[in-house]
Structure formats: C-alpha cells, structure tokens
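First chain A sits with chain B, and in the next complex the same chain sits with chain C.
Moving on, here comes the complex of A and B:
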C-alpha cells in the first residue's frame, strides 16, 4: 500500500468529561511510525481507535482503508501488542499463543507450527510450557509481542513495547520490530520516551493533551525541537570559571549559578554541540566536572517548550 | 449463501474453541470452590436433623423450597454467570479476543456455554448433596414419599433454573460494571419480591416458574403446603418450561446484542 495506512479526520474521543483525543487530523504512511507523547497525551486512545477497541466520539478514522471498530476483516490484518500486562495467568505461553492463533483463524496444526516458530523468534522456547504467572516482565512482554507478530500482520500496533525492559530485552524487541518492517509490514509504535523510539522509527508523531504537536521524520522533529533552549545542570569544581567560558559561545543562551554556588544551570539552543564541546571547555578552564544532567531530556519537558 | 455458511461454520468453530479452552479454566478457578461451598450449604440443616424424630420430607422439602431454590441456586448461577464477560474485563484479558478477527457473539456463546456446564455441574452436586444428606438422616415415615421421590424431580428443575439464571446474569455481566452487585439486587430483591406477590405478577420471576414445576410433580401437594402466600396461581408444567426456555433465549439475545455493541476498550 503506497498511500497512508491510517487516516484520521477531526478525530476526537471523550471519556465522559475527560478529553482523550481532540480533533486530530492525521495521516500515517508506511514504515515504522513512532507515536510519542507523555502520559495522558492520548496515545493509548489513538491506539485503541486504530485497533477498533473503541469508537470515535466525533470524526473519522480509517485503517488500511477500513473503519476499525469490531471490523473482523481489518482485525485479521492487524497485530496488536498492548501496554497492559494482563495475560491468562494459568496458561503457558505456548497454549496462549496457540489459542490466539486459533482465534486468528488458523487450523490446529498451523497454529502449532506458527507458535513454535514465533516462540523461537522471541527466544522463549525454553520457558514456553511454564505458566505465564511465573514469567518476568521481559518474558511477558515477549509473549505479548509474539502473539502480535505470529500471524504476520500488515500493520503491527505496539503500545509501549519497550516499557520496563532491560537492555537485552529492548534490543530483542527492537530487532523484532525491524524484522517486521523488513518483511514489508507497517509498525505503529507508541512510547513516552523519545530516545527509545528514535533509533527504530522512520517518522514520529508528537502528541500532547490529545492534540498533535507535530509530525514528520525524526530529523524534521529534531530541527523543530532544536529551536527551543535546553537546560543542562553542571556540578563542577570551579563553576564560575566554567560559566564565564560558556557564555562566550553563541549557542549558550544563559548560565546561572545556584545561590550556594554549587551548581551551574545552563540553557543552550544546541544541546549536541554543547555536549561535544564541553570536554574542551573543562580542559581550558581546569574545572573538573562532578556531574552533568539534563532535566530536559525527558519528553515532557520538550513538550512543555512546544506547548508554550 | 456460501459466504453465510462459511460465516456460520467459523462462528461455530470459534464457539467450540472458546468453550473448550475456557471450560477447563473456569473449573480450576477459586470461583468454582466458592460455588461448591455454596452448594453444600443446603445439606447442612438436613444433616443437623439426624437422629431426630421428624418426617423425612419435612426438612428436605423446606430446605429445598426456601434455601436451595430461593437462595443458593440464584447465588451459584450469579457467581458463574456474572463472570462470563465480567471476568475477562476485570482481568483485562478481553483485549486479546476483541482485537482478533473473531465473532464477539461466538466468544460470548462459548463462554456462556462453559459457565452453564459449570453451574449445571455444581447444581447437580447441590441436589446430590441434598439426596445424600437426606439418606443419612434417620427420620422416616411409613406412608411418606421416599428420598428419591422427593429429590429426583428437583434435579432437572434446578438445572433448568440454573441455566436461566446464568444466562440472565451473563447478560447483566456483559452490560454493567459491577454485575455481582446488580445481580444480588436482582436475585434477592426483585426476584424474591415478584415471586411472592399474589396473582399473575409472580410469573415475572424465574423462581415462581421453578416452584410451579415442583408443584406439578407427583409430590406437588406436599410442596404446595410449604407455600405460605395465599392465592398463588401456579403455572402449568409445559408452560413453565417453555417460559424458562424463552427467558434463556431472550437473555442470550440481549447479551449478544450488548457484547456486539459495547466498547470494552473503555473498561480495560
């Protein structure tokens, strides 16, 4: 499919008085698209609308050219990995996956073959016959992902698939998503952590308070964010000397010391360049850096900038 | 035509898959244990009469009429029936089904059938318990009915009542957020009130139909003596069975309609 895989026009969803999604116009094309936003941004609402779990309050949504709510033809072409950790606790991963594949419409033998194959893909073969209740967070995440990719869907919708995973599990999930993309499927990947999604996505959609703040390629979004000053807090042995040096740079907007003089609060319009040059300045001024943190690294802070 | 047949075949396959998968899961839950404990309750007062000089049918019939039929049967059916959809919502596992290309009606039917089998088994155990406890008690009268004559008709009537209640509670469970609370209100307020009203109003309750079926049995005159309300109009046997089956059917269609329409994504 060369056109958009998801089209939303004036899409809104209320939960009583609470607004989940506010008149969203959206076109998502193929590839891996990251749906990024802080908690409560409306990501899960959009994911539920895309996977046909809820209906829009107003507006329209089309997924792969069809209306999603309880649409069996469309659901046969979608894989969904929810954020919820709820599984049939008494079932083993193998039983659960076989049951899921049977519900998908596969015959018993095909369901078994598919299950065995996908268990290998998610590296769960050894634990496949143990009840899910004894699984770790990472293993449960792999079970959820396995049921969403086993039938080789055209569109995979993954809601926070990296949340709470250790680095090894993250790498595995990342690899699976890339493989899904490589076989020609499209992926909608929701997350509240930008840097998690960045290496995986072709395009991102930024959501906050039920509205779309921006959408485009990762590079385009980066450019958009770069124009906003980013905060960096530095603890150094000679913060005053460092502050004097920093203020000579054009991309450093401000540098202020704590009242007790222990920490230096810097604002920069180019965080990457700042971090690249910091070691040189530290050497120049002979002020050892004790710690460095960027409170703006979280997406919520970036959103604050964008909203204001 | 071929498409319709294929659709029906797929739905039947899904129903059977859901039924076989979930029956075994339902049986192994703590809920089954609670249901079995509730099923054992009516046997206790009968056992308490052991060794006393009372006619056999007096404690057994009182317990069956007032405790088993009026309290424990709807309670067991409520525990089993309310869970048909509500359990999946509470466990947040309903997502796994409704994002698959399955018929929601087939899923509801499969789970409902599993709950009906579970409740029918527990109700059978309850009636079996009544029979065994009655046999264990020593009180007998020469010209009274035997334990078998008293208890045997109770089994099919209780199972039929259980199926009707389960279907009603399954529909309630598919509709409201707190099906147990609503179900308790229905079973022990509305049902109890309607069943004990004089005239034809009692026909609006399942309980009245169950009592009518007992009254229509050969031991009916003994059961009727337990009825304290004057002017009760009993329903003929065939009509009562037919009404209960209709109740099952209407509740089932209503449950299907709710399950098909409802946005369960809001609940999980």
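Moving on, here comes the complex of A and C:
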C-alpha cells in the first residue's frame, strides 16, 4: 500500500468533560511510526481509535482505507499489543495464543501451527506450557506481542511495548518490530522510552494535550524548531581561540566554555552553515578539534523543546 | 462450516472454569446429591409399583408396604418440579460463582481491549460469556433434571413414561433452560455493573432474595398472593410448573403474569449489559 495507512481529519475524542484528542489532522505512511508524547497527550486515545475500540466524537479516521470501529474485516488485518497486562493468569502462553488466534478467526489446526511459530519468534517455546501467572514482566510483554503479530497483520499497533523491559528483552522486541516491517507490514509504536524508539522508527508523531505538535523524521522536526538555536559541543586544543573566532559570526548565538575550559558549548541558528565553515575556523585558529557533538539533535531533545 | 465467533470465547471460559477443581466439587455436590436422591425415589416408586420386591431388598419391601398403606401414587413431573424447587437457591449460587466474575474481571484486567480490537463484535463477546455461564448452570440444573427424567424413562416398563408423559421431557428441558438462562443473564448484568466478582455475587443474591422477601411481605400484608409474582424465584417456579403441567394451588395468578415479570427482568438485564459495554468504550 503506497498511500497513507492512517488518515485522520478533524479527529476529536472527549471522555465526558475530558478532552482526549483535539481536532487532529494526521497522515501516517508506511514503515515504523513512533507515537510520542507525555502522559495524557492522547497517544492511547489515538491508538484506541486506530484499533476500533472507541468511536471518534467528531471527525473521521480511516485505517488501511476503512473506518475501524466495529469493522470486523479491518480488525482482522490489524494486530494490537495493549499496554495493560490483559492476560489470563491461569492460562499458559500456548493456550492463550491459540485462543487469541481462534478469536481472530483461524481454524483450530491453523491456530495451533501459528502459535508454535510465533512462540519461537518471541523465544517463549520453553515456557509456553506454564501458566502465565509465573511469568516475568518481559515474558508477559512477549506474550502480548506474540498475540498481536501471530496472524501476520498488515498493521501492528503496539502501545508501550518497551515499558518495563530489561535491555535484552528490549532488543528482542526491537528485532521483532523490525522483522514485522521487513515482511511488509506497518507498525505504529507508542512509547515513552524515547532513546529506544528513535533507532526503531522511520517517522515520529509528537502529541501533547491532545494535539499533534509535529510529525516527520527527528531531523525534520528538529529543523522546524527555528526559535531554538542548535547546540554543538566542541572539544578542541585551544577552545578559547576558537570561541573568539566563532563569536564574530552572525549565526552563532553564543559560545561558552566549560568551567574546566575543556569543552566549548556553541549555540547556532544555522547548523549546516556552522558545520560548513568550521574547518576554515579550525585552520585559522590552529585549534585541533578532538570531538564534535550535537546534544539536541536527538528525539529526546526535540521532545523536550516541543513539549516544554 | 465455521464455528461462530463467540464459540472460542465460550470454550475458553469453560476451560478456565474447569481448572479450579475445588469450587467445582463444592458447587456440584448438592445438585448431584439431589439428582441421586430424586432418581432413587423414582427407582423405588417404580420398583414398588411393579412389585419388584426381589431386587430392592428390605427397602423395596418397605416401600411396597408403604405404597399400599398410604396409597402413594407416582408423579414424576411433581418430583422434577420439587427437584427444581429444592435446587433453585443452589442454582443461583452456582451461576453467580461462574458468571459474576466474567465481565468485571475482564474489565479489571483490561482483557476487553483484546476482544474489542479483534474481529469480534460486542454481541459476540457477550454471547461468548453468556454461553460460558450457561454451560456451568446447565451442568447443575438441566443435566440433573434430565437425569431424573432419564431414570423415570428407564425404570418405567416398556418406556411407558416416555410414551405416556413424553411432554415431561420437553417440560424439564424448558424449565431448566429458563432457569439457567434467566440467572445467567442476571449474573452477567450484575457483573457488567460491579467492579469485583464478590460485589457482583452479593448484588445477585440481593436481586434474587430481596424481591422474594418483599413479595412475601406484600402478599401477607395485602392478603393477595399474586404479589408473589414480583419474586423471580416464585415466577420461575410458576412458569416452570406450567411447562411441566404441574398444577399447584399456591400459584393462583395467570402464568403469563410470571412470564411477563421474568421477561421484564431479562430485558432490563440485557439493557444494562448493552449500556455498560458501551460505557466501557466511553471510559476506555
């Protein structure tokens, strides 16, 4: 599917007096899209609207070209990994997954085969016949993810799949999401773990107070923040000389040294021009540059700028 | 032909209920006890009627003597009606135990989101849950009832019972079905409203026993037995006895009054379930 997989026009959702989502216009294309925002931003509301659990108060939403609420045909093409535990403690992972696949509409034998396959994918084969009540947080998360990917959905919606996981489990979940994309499916990933989301996603949608603050790649969104100068940290042999040279340029807002004088913190309104001219200044001032980093080019920095 | 979408949901609920053996043992002891007691009575009475003193030993001989002295007549339909009367409160407990936790525990665990994000309608979800509780209710009410009927059919010479009183088989089925369906719907309605299984069970008993007590008080105070129609327990008995064609002097009002009362309660229950499940969507 080449067009947008999710289109929302004037999408709003109230819970009584509480506003969950406020007239959102959105187009999400294929690949892995991260849905980022603080608590109460409207991420879960958007996820529930996408997965057809709730109806919009106003506006429209189309997922894979169809309205999701109570749309059985569409819901058969979507996989949903919820944030809540949502598991039956007395059931084993195998029984739960078979049961989930039967609810998905698979025949008994197909459900069994699919379950065996997906248990291998999430590396739970050994523990598959134990009741879920004895599972760790990571194992539970993998069971939830397994039930959402087992039927090979065209769109996987994962609500906080990385929350509370140890690094190994996070890596596994990340790998599963990448594999899901590799087989041609699309992923909508809602998360708070920004540094984990960043390498996984192609694009992000930033939400706050029920509104979309921005969408695109992290770099694209950082470029939109024109009123926030870009920060660059330079470690050089003669940082004072370099600072004097930099301050002569109009596009350099400030240049400040660390208390120990080892690093130079520069703020610039035009990062591209800064990087282009830096080699010339280094030659002019004969200050060998040891390292160069831009601490606010990360998703976390973009998130902080946009939300605060 | 594929199974309906609610079938896996119902089956999973049945399997989950089956895992806890102690409640099963405790809850089914009394229905099984009543079933054996009434079946034994039928066995003895048929045996006595046929003069089978050689197979029953001293008990059978005593029964034959008692039958002659007190002119006891065998009325299987009345025995079945009595079985339903005796086991009615236990049926409430049984169905409350299996049904009251179904919706509220799903809500608490957040499991409903897994259902509503699948190709499963709200109606499929409720039907699946209803079938689960109906199954356990049927095991405690319909199966023993049919066992008693089966005993009568088996004990009667040349299947005379089936030939002469074949409608009792359908009457027993209908009585059992009505009882289980009514309490199953009620248990789901309270489960949809309550936040915990224990609260739902208390509410279910209150909804069954308080109208019963109130109807008795009103009937006593106003001197009109028809007030008893307000009690679901009594109304179920009245309609059930109508199915079995058992006449009882105590129930002096038209059967349709009781039927209407039960239908009204079931309708309210269905509305409550529908509204609450819609409400789950609102507060999701």
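Just so it is clear, the second predicted complex is superposed on the first by the 222 of 308 C-alpha atoms of A that agree within 3 Å, B and C clash if a C-alpha of one lies under 4 Å from a C-alpha of the other, contacts with A are read in each partner's own complex, and residues count from 1 in each chain.
Keep this in mind: a residue touches a chain if its C-beta (ideal position, glycine included) is under 8 Å from a C-beta of that chain, and two chains touch if they have at least 3 such contacts.
Remember, it's a predicted structure, so these values are computed and weren't measured experimentally.
*Asks:* Determine, for the superposed arrangement built on chain A, whether chain B and chain C clash or fit.
*Replies:* clash
*Asks:* Between chain B and chain C, whom does A:51 touch in the aligned arrangement: first, second, both, or neither?
*Replies:* both
*Asks:* Tell me the contact category for A:115 with respect to chain B and chain C: first, second, both or neither.
*Replies:* Neither chain B nor chain C is touched by A:115.
*Asks:* Answer with first, second, both or neither: which of chain B and chain C does A:201 touch in the superposed model?
*Replies:* neither
*Asks:* Classify the contacts of A:73 with the two partner chains as first (chain B alone), second (chain C alone), both, or neither.
*Replies:* A:73 sits against chain B and chain C alike.
*Asks:* Could you say whether A:84 touches chain B, chain C, both of them, or neither, answering first, second, both or neither?
*Replies:* Both: A:84 reaches chain B and chain C.
*Asks:* Would you check which partner chain A:105 touches, where first means chain B only, second means chain C only, and both and neither mean what they say?
*Replies:* A:105: touches chain B and chain C.
*Asks:* Would you mind checking which of 39-47, 57-65, 93-101 or 147-155 on chain C runs into chain B after superposing?
*Replies:* With chain A aligned, chain C clashes with chain B through residues 93-101.
*Asks:* Taking the two structures together, which residues of chain A meet both chain B and chain C?
*Replies:* Residues common to the chain A contacts of chain C and of chain B are 15, 48, 51-55, 70, 72-73, 75-76, 78, 80, 82, 84, 86-88, 90-91, 99-100, 102-105, 147, listed in rising order.
*Asks:* So in the complex, which bits of chain A are touching chain C?
*Replies:* 15-16, 48, 51-55, 70, 72-73, 75-76, 78, 80, 82, 84-88, 90-91, 95, 99-100, 102-105, 107, 147, 157
*Asks:* Show me the residue ranges of chain B that touch chain A in the complex, using the header's touch definition.
*Replies:* Touching chain A from chain B are residues 10, 14, 17, 21, 25, 28, 91-93, 95-104, 260, 263-266, 268.
*Asks:* Please name which positions on chain A make contact with chain B in the complex.
*Replies:* Residue list for chain A touching chain B: 15, 48, 51-55, 69-70, 72-73, 75-76, 78, 80, 82, 84, 86-88, 90-91, 99-100, 102-105, 147.
*Asks:* What part of chain C is in contact with chain A in the complex they form?
*Replies:* Residues 2, 5, 8-9, 11-12, 15-16, 19-20, 109-111, 113-122, 281-284 of chain C touch chain A in their complex.
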